[in-house]
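By letter and in written order, the chains are A, B, C and D; residue numbering begins at 1 in each of them.
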Amino acid sequence: MKKIQGIIPPMITPLLDDDVLDVEGAKNLVENMIGAGVHAIFILGTTGEAQSLSYKCRYEFVELVCGAVAGRIPVLVGITDTSLAESVKLAEKAKECGAVGVVAAAPYYYAPSQQELIEYYTELADKVCLPLYIYNMPSNVKVFLEAKTVVALAQHPNIVGLKDSSHNMTYLNSVKYLLRDMPDFALYVGPEELTGEAVLHGMDGGVNGGANMFPELYVAMYNAAVAQDVEKVKELQKQIMAISTTIYSVGKYGSSYLKGVKCAASLLGYCNDHLAWPYRKFGAEERAKVAEALKALGAEVKNA
Amino acid sequence: MKKIQGIIPPMITPLLDDDVLDVEGAKNLVENMIGAGVHAIFILGTTGEAQSLSYKCRYEFVELVCGAVAGRIPVLVGITDTSLAESVKLAEKAKECGAVGVVAAAPYYYAPSQQELIEYYTELADKVCLPLYIYNMPSNVKVFLEAKTVVALAQHPNIVGLKDSSHNMTYLNSVKYLLRDMPDFALYVGPEELTGEAVLHGMDGGVNGGANMFPELYVAMYNAAVAQDVEKVKELQKQIMAISTTIYSVGKYGSSYLKGVKCAASLLGYCNDHLAWPYRKFGAEERAKVAEALKALGAEVKNA
Amino acid sequence: MKKIQGIIPPMITPLLDDDVLDVEGAKNLVENMIGAGVHAIFILGTTGEAQSLSYKCRYEFVELVCGAVAGRIPVLVGITDTSLAESVKLAEKAKECGAVGVVAAAPYYYAPSQQELIEYYTELADKVCLPLYIYNMPSNVKVFLEAKTVVALAQHPNIVGLKDSSHNMTYLNSVKYLLRDMPDFALYVGPEELTGEAVLHGMDGGVNGGANMFPELYVAMYNAAVAQDVEKVKELQKQIMAISTTIYSVGKYGSSYLKGVKCAASLLGYCNDHLAWPYRKFGAEERAKVAEALKALGAEVKNA
Amino acid sequence: MKKIQGIIPPMITPLLDDDVLDVEGAKNLVENMIGAGVHAIFILGTTGEAQSLSYKCRYEFVELVCGAVAGRIPVLVGITDTSLAESVKLAEKAKECGAVGVVAAAPYYYAPSQQELIEYYTELADKVCLPLYIYNMPSNVKVFLEAKTVVALAQHPNIVGLKDSSHNMTYLNSVKYLLRDMPDFALYVGPEELTGEAVLHGMDGGVNGGANMFPELYVAMYNAAVAQDVEKVKELQKQIMAISTTIYSVGKYGSSYLKGVKCAASLLGYCNDHLAWPYRKFGAEERAKVAEALKALGAEVKNA
């Protein structure tokens, strides 16, 4: 399989109610993202609230999105779980529906050592039926996939890339340097604030939540960085930061990012803004602030 | 329902292989614990590796243990999950099989705020069909159920107690003091090293992993503390610390406790020592150290 | 030297202004504590805001308190520092003024490994001219003095005890068990909420901040615990928790304990409530809440 | 004062023994750095082991370096301290010796809230006699200077810049965006692995430890990034990563960076490699590994 490069939105999971998918909303988002030129779609990640959904709902969403995408671009499916058996089973569903890869952060109830992570991921990569991307997400899973661990795992034939959401660019640069002789191993950066500099430095793309709302902006950033057009990168970076410092900063809890993305997607007319437990959507006051931020960004608010 | 008081072992989940229950081993453990006079059994907790098992396996284990206990003592079932819907569903299975209560730590992928935890637990308590015990387990779930949060949740008619595994006795004493007018709210301490002092200070019991191996010791400690026999408490405390500082300290990773308990249970002849991913059982060298520690404790090693 | 046992208040440093000692206030506190029967006084600890004071001010305070105590009870001096040379120098001042021991938490800018902590404390113990107590204070110094580290350091002839402020009683019980053959090694608990249970289990005393305000209460707790009078311990525990859950909980920051103790000492008429940077004393609203809490505790507020 | 832009090495403090400066070594380093074209020198920072030195030694080092630099380039002095009074005093010494600015991380024994940090830094900026740079160093001081806090503090006329050593480029990009209307406020990145991308994105320079050894490399990186020569940046980045992933990774503790830099400076013939407590220099085996790494980098090892 050719390495995927570019913008891979971590798609939100639109919900009408607890564990009830917003089917039309999901289709709207898929069409908008494909229309904007994103290079792949990643579902059931952190932005997708995968862990908060029932398994039934996760399986339905895999079917729904793979069906909507219909092979136009690659679909990656998050299989992060505390149970290796459940990860393997979800990977089977993903393959059956046409996804081309699976993504797994570390198991997140216990805190395995680096050696235990190597053993765990080796077993997982042996067992899953699709290429596996490993996912460094220390704020949620408590453990950090150290650079040496990534290097060890990159030797496994079925481990094909890393998504890093640590915000620590020293780390990602270290991984890249240590894997300099393995150019086929994909390196993606999670935070959209870092896509420009990561791609300028040779990373393969961004798994950027903001692409649920404004996919064309992140595609433009990717293209500018690949072209080494630093002035364009800096100009687009301002737009990305304008989103990041407003929409993701409403509300007082650590969940502002998730709530902000879903609220904005709703205001832009794509889908419902219901969130899965343990989170609830923004109230009227916070919704008004997100609407205001969207207007300041020049976006058309259809659903205030 | 009368408040449960005493020793409530957090039962290990004996496995023959990945996701394959050791049925005979589980029955042996149940008989040994009931024979020793434990006051209830708690399954699918942290010591039970619940998060590492497939759902199918969790459901089978609820059936197996409830069947083996057959109503002789109360059974509590851990329903900790990142998906509220899955917690509710598992509670239904628990009730159907005859369990009398369910136990839930905070959802553990995201890190909810205290206010979000109150909303989450309120919803969970409304939805589950059995009395709910909340469970403070910050090392695994990242968030701490602050004393004020517990006080708020204790007002819910279906939230009936707290299990605290924080090791922070200032916290547990604070909760007890703040709930001094609610004597029916149960307070259990997780770490067995603290059962003596907790019960001396009026807590309701211990959810002590060591009771998988030596249930009579923890029952004796509970009885001595209830009787305010400080000399006896101090004497038993030495035996408990002798276990804690040897069996749980073999091996170099943070998982020594889990590996040690299962290894010891195997050496004592109760059940297999297979662990669920991401952990693997002790190798021969570590197993020999646990055997040695058991012998030094005066235990009969049947299965070295 | 005979092991010190009992209540050792970690004395606050009364200030009139930034870096200006409240000499009369300090003398009032000393007289009140000695009058209440405390067994020693510990100055320049965390409660004493040592790190926030200039060195000149720290040296003056050693002189002041040692002079005021005048040998009636032992004085211990905190020498915690990031510079070993400064610790040694302050120990010399302490000895010169008549203190009988020094107390040091780990150096707190870098985060040394356990092996580096052993080397550091060994050097410090070799160099200081007074017996050294090591001090486990992980919330402030980032590193935890693991039980095995304490055991290693306890072998040094000039390391004579441990003060533990981790709130983790599993840890303190482990240290006690591992040092069961070294009864002369002193074990003190920092948090006053734990003095009762710690002394019941054989620890040597409490370094309890509340004894700045109500020394007789903590002395009574120590005596009840030594006498193994569990009913009395439980009764006194309620009074201690009433202080802990009110006076230390006013205000919204992590500094409520420090601000609360100084505010209460001022309201009780002992001394000024000025705090050293980076903290400022409570404003009028919070001061009124502390006054209210003191009245509810039956204390006489002289200085509202 | 004109904003300083470029490479500002955080100079190590060469020592012959505990608290004994290596005067010749310091002069060698200064000459080498100035010769290579660095834009300023920063002393008594984290790399300078400031907190581990006695005050006497810190004062001597300010004199020594300011004297050696003799006004050829600006000198910045770290005044990070837990005591505001000591910070102010050290700033006076710095000014007296000719330094042009001071740098302060948050006070690091207690953990102030963001509001308390604003009050603290405001007081400090009012009191110090030189322009103040604030310094985000969460791994050492426990608190993070949040972007909003930096924005608030940037309004103070005597706070002129930020050094960020968090490794979190999302954060630094956020600060830059929020301060887009204050182009005179200086933004420096600590980790040398990030200087290229930071300067490409418009930051003002790097405070890079590796410039103690190879100042010309970091100056070249700064120049390439200012020139937006992405190919050159990527080529130099490989050299920087080759240093970072070898010399800073010898040894098993968190202190490998500090030990590695001093060891390499010694091997290159600049100065002694003695470290201040709580750290000790590398032993023969680790020194050999650093020597090997230096040779692989093409450096001339004079002092193996």
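Here is the rule we go by: contacts are C-beta pairs under 8 Å (C-beta built on N, C-alpha and C of every residue); 3 or more make two chains touch, one makes a residue touch a chain.
From a predicted model like this one, the values you see are computed outputs, not experimental measurements.
The set of chains in contact with chain C as well as chain D is empty. For the pair chain B and chain C, there is no chain touching both partners.
Annotation: the chain A:chain B pair of sequence copies touches via predominantly the same residues, more than half of the used numbers being shared. Taking each chain's centre as the mean of its CA atoms, D is the chain most distant from chain B.
Each chain gets a centre from the mean of its Cα atoms; for chain A and chain B, those two points are 35 Å apart. Look at where the CA atoms of chain A average out and do the same for chain C: the two points lie 49 Å apart. Contact of a single residue of chain C with at least two other chains is seen at no position. All chain pairs that count as touching, in label order, are A-B, A-D, B-C, C-D. Those residues of chain A that touch chain B in the complex are listed here as 18-19, 46, 51-55, 57, 82-86, 89, 106-113, 115-117, 119-120, 123, 139-142, 252-255, 258, 276-280. Those residues of chain B that touch chain C in the complex are listed here as 147, 167-171, 173-174, 176-178, 180, 191, 193-194, 196-197, 200-202, 228, 230-231, 233-234, 237-238, 241-242, 244-245.
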